[in-house]
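Going in written order, the chains are labelled A, B, C, D, E, F, G and H, and every chain counts its residues from 1.
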Amino acid sequence: MTPTEIRAILGRMARGELALDAVVDELAGRFRTQPFEDLGFARVDHHRAARQGFPEVVLGLGKTSEQAAAIAARIVAKGHSLLVTRADRAMFEAIRAELPAVEYHEVARAVTLRNGDVTPGHGTVLVAAAGTSDLPVAEEAVVTAEVMGNRVDRLFDVGVAGLHRLLREHERLAAARVIVVVAGMEGALPSVVAGLVSVPVIAVPTSIGYGASFGGLAALLGMLNSCANGVSVVNIDNGFGAGSIASLINHLD
Amino acid sequence: MTPTEIRAILGRMARGELALDAVVDELAGRFRTQPFEDLGFARVDHHRAARQGFPEVVLGLGKTSEQAAAIAARIVAKGHSLLVTRADRAMFEAIRAELPAVEYHEVARAVTLRNGDVTPGHGTVLVAAAGTSDLPVAEEAVVTAEVMGNRVDRLFDVGVAGLHRLLREHERLAAARVIVVVAGMEGALPSVVAGLVSVPVIAVPTSIGYGASFGGLAALLGMLNSCANGVSVVNIDNGFGAGSIASLINHLD
Amino acid sequence: MTPTEIRAILGRMARGELALDAVVDELAGRFRTQPFEDLGFARVDHHRAARQGFPEVVLGLGKTSEQAAAIAARIVAKGHSLLVTRADRAMFEAIRAELPAVEYHEVARAVTLRNGDVTPGHGTVLVAAAGTSDLPVAEEAVVTAEVMGNRVDRLFDVGVAGLHRLLREHERLAAARVIVVVAGMEGALPSVVAGLVSVPVIAVPTSIGYGASFGGLAALLGMLNSCANGVSVVNIDNGFGAGSIASLINHLD
Amino acid sequence: MTPTEIRAILGRMARGELALDAVVDELAGRFRTQPFEDLGFARVDHHRAARQGFPEVVLGLGKTSEQAAAIAARIVAKGHSLLVTRADRAMFEAIRAELPAVEYHEVARAVTLRNGDVTPGHGTVLVAAAGTSDLPVAEEAVVTAEVMGNRVDRLFDVGVAGLHRLLREHERLAAARVIVVVAGMEGALPSVVAGLVSVPVIAVPTSIGYGASFGGLAALLGMLNSCANGVSVVNIDNGFGAGSIASLINHLD
Amino acid sequence: MTPTEIRAILGRMARGELALDAVVDELAGRFRTQPFEDLGFARVDHHRAARQGFPEVVLGLGKTSEQAAAIAARIVAKGHSLLVTRADRAMFEAIRAELPAVEYHEVARAVTLRNGDVTPGHGTVLVAAAGTSDLPVAEEAVVTAEVMGNRVDRLFDVGVAGLHRLLREHERLAAARVIVVVAGMEGALPSVVAGLVSVPVIAVPTSIGYGASFGGLAALLGMLNSCANGVSVVNIDNGFGAGSIASLINHLD
Amino acid sequence: MTPTEIRAILGRMARGELALDAVVDELAGRFRTQPFEDLGFARVDHHRAARQGFPEVVLGLGKTSEQAAAIAARIVAKGHSLLVTRADRAMFEAIRAELPAVEYHEVARAVTLRNGDVTPGHGTVLVAAAGTSDLPVAEEAVVTAEVMGNRVDRLFDVGVAGLHRLLREHERLAAARVIVVVAGMEGALPSVVAGLVSVPVIAVPTSIGYGASFGGLAALLGMLNSCANGVSVVNIDNGFGAGSIASLINHLD
Amino acid sequence: MTPTEIRAILGRMARGELALDAVVDELAGRFRTQPFEDLGFARVDHHRAARQGFPEVVLGLGKTSEQAAAIAARIVAKGHSLLVTRADRAMFEAIRAELPAVEYHEVARAVTLRNGDVTPGHGTVLVAAAGTSDLPVAEEAVVTAEVMGNRVDRLFDVGVAGLHRLLREHERLAAARVIVVVAGMEGALPSVVAGLVSVPVIAVPTSIGYGASFGGLAALLGMLNSCANGVSVVNIDNGFGAGSIASLINHLD
Amino acid sequence: MTPTEIRAILGRMARGELALDAVVDELAGRFRTQPFEDLGFARVDHHRAARQGFPEVVLGLGKTSEQAAAIAARIVAKGHSLLVTRADRAMFEAIRAELPAVEYHEVARAVTLRNGDVTPGHGTVLVAAAGTSDLPVAEEAVVTAEVMGNRVDRLFDVGVAGLHRLLREHERLAAARVIVVVAGMEGALPSVVAGLVSVPVIAVPTSIGYGASFGGLAALLGMLNSCANGVSVVNIDNGFGAGSIASLINHLD
């Protein structure tokens, strides 16, 4: 209950329009049932939406194309930018039927629509990937960071077995404000990258590999045990998560 | 080889002090054996040391007290601040014999010595912990962030089973530029915190628990699968890692 | 052997219809081969059937449609209510060919037929679910509890990353006599709910998620390690189990 | 803010003791900063304390004896009953120094002090255990349920390898309102018990065993996969959790 | 080298057909290169074949229908009985094209052809199964034991959640010389059965179940941790292995 | 109730010593409360004790020396032979104080006392072990089989890395009626042995090894996946289980 | 920068074609931006290519047929031999459209094209396989070693359950300079082979098996725990890795 | 049976000292019972001992000091060099009491005694280690390779987080004939090293680390999934295994 609302009700009592008992009932009731959206937390939530432009990102996985399209339409109707992840082509078509302006990112399996509500990030987000099989996850991070207003630099196919490919690009590494590193198999790339830079590295293990990669577990454990400073980790194949954390960091003032 | 060095050698050739063949040999040899510390990467490394004041943090685990003390003395002799983690009291005593000014943080099991080489971070690092048993790990994060130049706010004993304890502190949550969340058992606190704020959350699973906590695995998996945006994860019990990542983020311009 | 049966046989001996040896043989044989359904346990079993109306619930998984239909017909022929879980549409059609009155619950993948043999539960069973992908499991719990005679309240899409959605509904939480909480990913919702109420919480991990969710293992471990009182756990995706335990509790006098 | 408080402040305004602006400030401030203990959730918390008599159970594991004693003293000072779990004899002595009336349960490793604030449960809680090695966990469940006001019946050493020991006691099984079943090794006892009764069964795996018991994992998985209805599971060795859930159920009206 | 062969070569030397040096060379060469089929082990192998009639059982899994048919034809051509496991109907058809007399066991997914080379076992092999979903594995054990010459008794659908079904059949349990127990989910049936009899119990975990059954791991661990004497375990779903071990035991004199 | 008992009660009724109602009450009561020890299963249990001489083997692990000594005294008092496994020297001393005739097997960590109640087995039990570190488990199997009345042959240090050590002993392998094979590390020995013989092989994985042996898991999995016929497996380090299964098989007529 | 290049630039300065400043700029720039392919590491890389003829092997898994064909064409265009692994027939057809001379190895799922750039290895690489189901992996090792210039001997179907098959071939084992051993299930073959020879053994676990083979984990752990000297291990199903390591060893002078 | 032995027996027959039947019996008996040490495999074993000088390496782990000393004495008595691994100081003292000339390698926990029976290897074995905590395992590899006759170069503290330390040493990498790489935590070093050289790399994961290193599992999985060619892996902490494989390779002609 805002000061304005309180002043109004007390004014009505002062003017005799409301009895004391009615005022007490009204105020006590508001204390009892006060919705949480009136609290700071909800307000924080709105600030966040305003600054990032993404009050709700749609995870396509486990939703029907129809559900995804309906949610997407509601989001865009509020003037927000749109990001749908893990969307196959059929889901894209369903969304495009509602929102003709959406764009499909085939490799990243993402649907986006950019509105004017996105605040630009401060620096560059570098997304590095170890192998060509890691591209879908890396591209999901790229698309996520881009639609959230970040300038993104791609540095792909720089696995640790051919170090010179990575070392040759040290200027691009040094130019980034935050780095996302995507790798499957042994997941060693984040450690090597973090040893070369002094910015936060978000490591994304991928399920690329076979046998004892155990669906990305090997890469995940490798990254969690990184001997280099500055490496934190997200879930296997979670390119979206890494991209959005990078964006959060890149939007810090 | 810097321009100054090149100019010097060419000058000596011009003055007849060096024959052409000797110059060719010298230059070709430098190209062939050029140490990596002359490259950009090594320079980046020095920049990093300069800005963070921590070219080398000593992990006490697996070192003898004597080894730790010797390394510590060498670091401080270069004018750097010191952080030794996983140090028991005996290790602290060994270090203090070399460096009387060091301080021991009992709960965090850390030894520190602050020199003037540390650049202050921009905002506040909030370190939240779910239970009192998580304090050693949380304090390691606190000590790490503090010695690296950050203002740190502690928010302990705010586990998800008593949400009001956390919600009551929303203003402190909202005031942080980056948040470290330490939790064992089911590891749910980072998800709840990340849902309330719009800054990066570094989650630290702890080995607190028994039975099916499997030494922190339950908390680790919970955090990796967080449904909230903005959560990245470090190794079980890695308070140092979380504190230093938070510091990296908090030092970003 | 009931008193009535014993009295009958002794009566026949008294009337000279049976010799002493024949009576001894008959009684000794009954002691030797006495089927367990004559014992207390079997009777308990019948009491249970009478009170719950479900002497046998059919798990459709791993059965052919024909097998499921045959068993269903036999159950209904005895006047019992019917519940078939994990039934796809083809199985439903096969059962409907035998029992035209059955109803199909598409999301829950369950077939039901309600007879008059079900005793109503005492209070309300609340079924809460974290995300929309958890609905099939949550609906299985709902359908199970309903067909077993319970009043059920649904509280869906209240994941911990948006706490206000849950907190706003505290009155419905407070009104339940027993609560089923369904969640995948990090499985944190049961801890949060149990911290807000003082009734038993049955937690159901779901296999929703990817990567390090390891088919629901992350959620399962999280729930087993809940720091909140009152949380017990069933198998991953076992909505039926949770619904029937909730019903058992809700039928306790 | 209660009606009484609101009426008081409005009365002071009516009497001219407070200006309108001051009242608006006061009320708006209370809306903004209202502590959560004034809300329904906190009140639920107090109801819970009142009914169960246990606003806070102390987990001794990971606390020093001094910490445990200090917390225990604070709880008893409020007139509450006390339960400290995972307490060794040294912790007990430290607590007894503060609270001479406490009692130590050696096998259960628990410290209790019973005050008049405990509401009796409705029926009997039966605690069954498979082997003698399971007794510490079983006794923790017993002590927990007893101190929370329940009548408890012990049924120990009834492992499934000697079924007659269990079957002989079917009357005690049938008499219970809720059953806790504690078992290590293969953890089969809950399934057998649940097949004989129609009340909720809380299964507690124990870490008893060796080799492929993997610290209780075998028993845990066995219980989660129980083919019997009515079995829910708590963490390995969590006798306290099972006892308190049983108490929650046994206090339902 | 058999005595007959040695006598022949010495005879040729005695008759002057072979010089001493040639005999030494021949014998020394045979010692050096003597094929292992001439040794006791190989002979043991033939004894085994003779007694069991199964020098080679064909595992269909991972073979083409053509490969399986070719191997089957070779086996039968030697006069042996045939067992092909994990054979789908297409593999059966391919084998039948070669061997019209073969029989297909649909549930067991096995192809058999019985020749006169099988020695009958001494007693009865009882194959018990917990649930109807375990039948494929149980039937594989049945077919294996039968084709190897054993009298087999089936005792299906006797899971531990309805003990009376099992206890009612104690005479059949007591009549068996060796018992195979097949169970998925929690895998408790072997413990219960072994507690009722005094003969060896071969436990077969099945992959039946979902969620935390982890493809039969729960049942496997349960069986390995059996608290009952006399239980040994084979691989998940290995009905063949259990049947052939039971046959080995049942053929012991 | 035996025929004799029934005849007695009917006789009393016939003689007018008991009224009809009293007879009905008595018989109905016996049907209702009939203890399981009167049933076949309990009798089977006694038969088993008679034939094996071991109604109860004491697992020392998790028991105090006093508990073990008390149970041991009770067993011997009934005239039974005694076997206590996992007994350290202190437990042995406690037992010897009660039963001076007991013998301690240091390597096997077992206490035995042989009475005249043991039936001899039919053939020889061979216990093979791969390495010297496996001896404690192998000796537990040896002592178990011996005290249960079996002739035992030891074949130790025959690991697969030096095949000739094993092959040289094929006559002892061929002479056994049942074979226990104990091995840690990769656990390959049971497969090799089972390929050389035609009798049942009980495989015992041991926790010998380090690193990726994971406490015996490697050996356990290896044995479960044996490509040889006739191998069944018991729990890691369960020498007792293997010895008693071997004895069961060796006592089959 | 090679001596020749340096001499040239200094010559131009000597001839007055370049000013001192321009020379300093040029040389300093080369030091700063010197590509890594000018360093020893890159040169080592070229040596390696020259000696092995395989600067880049194409892993077909996770690539489209078009991608694979394009990369293959580029490799062959440089005059190199070609190896594409994990290639299905469609990928082969796509490559053949570009490179008509390529050969397809159906069982090995590999595409090869041999150019004159391959140096022959010194001795024979023996590839042994336990069962017929292991052939795809074994053949991948064979094809890899062959195309890399090695003489390869195949020794298939020599599993440890029939030792005589292996022992009979000891001369071929003894003739190899390096041995690759491929086995699924319990993975015991490498230990047995390594016990018979004195050359390096590269063990390849395969995912052959079911149940507790856990996709090759059992074989992998068995091989890592080998009690025999000389066994090192590669990833599950990694026939290519084993073949190329064997080739590396076989090319050592 | 050697030619000399055969000739002797035939001579006795020729001289009438043995009847034909006796000769046939003798020869047939020798064929039947021929010890395996007379076969090629055993001879291979002796060749191996001769070439490597290590017929038996003693694994101290799991042996008493007395057992180790007795075995060591026996080995040295045959004129062989000695290597005892995993030996603590007490074991060393026990061995030195028997063999005063032995040397103790404290960090490697190894006891050695060098005799003249060791053949020198061809090139240099490089042992690289990532961190100082990996030294015990690395030193075990060094001591093993040295005592087996190899020239060893140590390259320690070259973890991937500070690449320049490794790259600076490329000449030593390039000079090695075989490389052992020891690393804990994420285990990335072998991949990086293998990408820089063209010789075999033996990777040794160590149990160094905490939390999600799971006792070396993270490093092990990382190494098995190496994206670089030429990497094979041994068990966690198995410095001995790596050293002896490196020696095998380095002794290949």
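To be clear about the criterion, a contact is a pair of C-beta atoms (placed from the backbone, for glycine too) under 8 Å apart; a residue touches a chain by one contact, two chains touch by 3 or more.
For clarity, every value in this text was computed on a predicted model and none was experimentally measured.
Any chain that touches subunit C and also touches subunit H is listed here: A, B, E, F. Counting the residue numbers used at the interface between subunit E and subunit G, under half appear in both copies, so the two copies meet with largely different residues. Placing every chain at the mean of its C-alpha atoms, the farthest one from subunit B is found to be E.
On a Cα centroid basis, the chain most remote from subunit D in this structure is G. When subunit C is laid over subunit F using CA atoms, the rotation angle comes to 180 degrees (nearest 5).
Separating the centre of subunit A from that of subunit E, both taken as means of CA atoms, is a distance of 57 Å.
In whole angstrom, the spacing between the mean C-alpha positions of subunit A and subunit B is 25. Mean C-alpha positions place subunit F and subunit G at a centre distance of 52 Å.
Subunit A and subunit F have centres, each the mean of its CA atoms, that are 60 Å apart. Counting partner chains per residue, subunit A shows two or more touched chains at residues 39-41, 162-163, 167, 196, 211-213, 217, 220, 224-225, 229, 235-236.
The set of touching chain pairs reads A-B, A-C, A-D, A-G, A-H, B-C, B-D, B-G, B-H, C-D, C-E, C-F, D-E, D-F, E-F, E-G, E-H, F-G, F-H, G-H, using the touch definition from the header.
Every residue of subunit B that touches subunit C in the complex is listed here, in rising order: 130-131, 159-163, 167, 185-188, 191-192, 194-196, 209, 211-214, 217-219, 221-229.
Residue ranges of subunit D in contact with subunit C, taken from their complex: 39-41, 44, 47-48, 51-52, 57, 122-123, 167, 170-171, 174, 177-178, 196-200, 202, 220, 224-225, 229-236, 241-242, 244-245, 248-249, 252-253.
Against subunit F, in their complex, subunit C makes its touches with residues 1-3, 6-7, 10, 13-14, 20, 23-25, 27-28, 30-32, 34, 38-40. The touching residues of subunit G, counted against subunit E in their complex, run 132-133, 162-164, 167-168, 208, 210-213.
By the touch criterion stated above, subunit H contacts subunit F in their complex at residues 33, 35-37, 39, 41-42, 45, 61-63, 67, 205, 207, 215-217, 220, 235-238.
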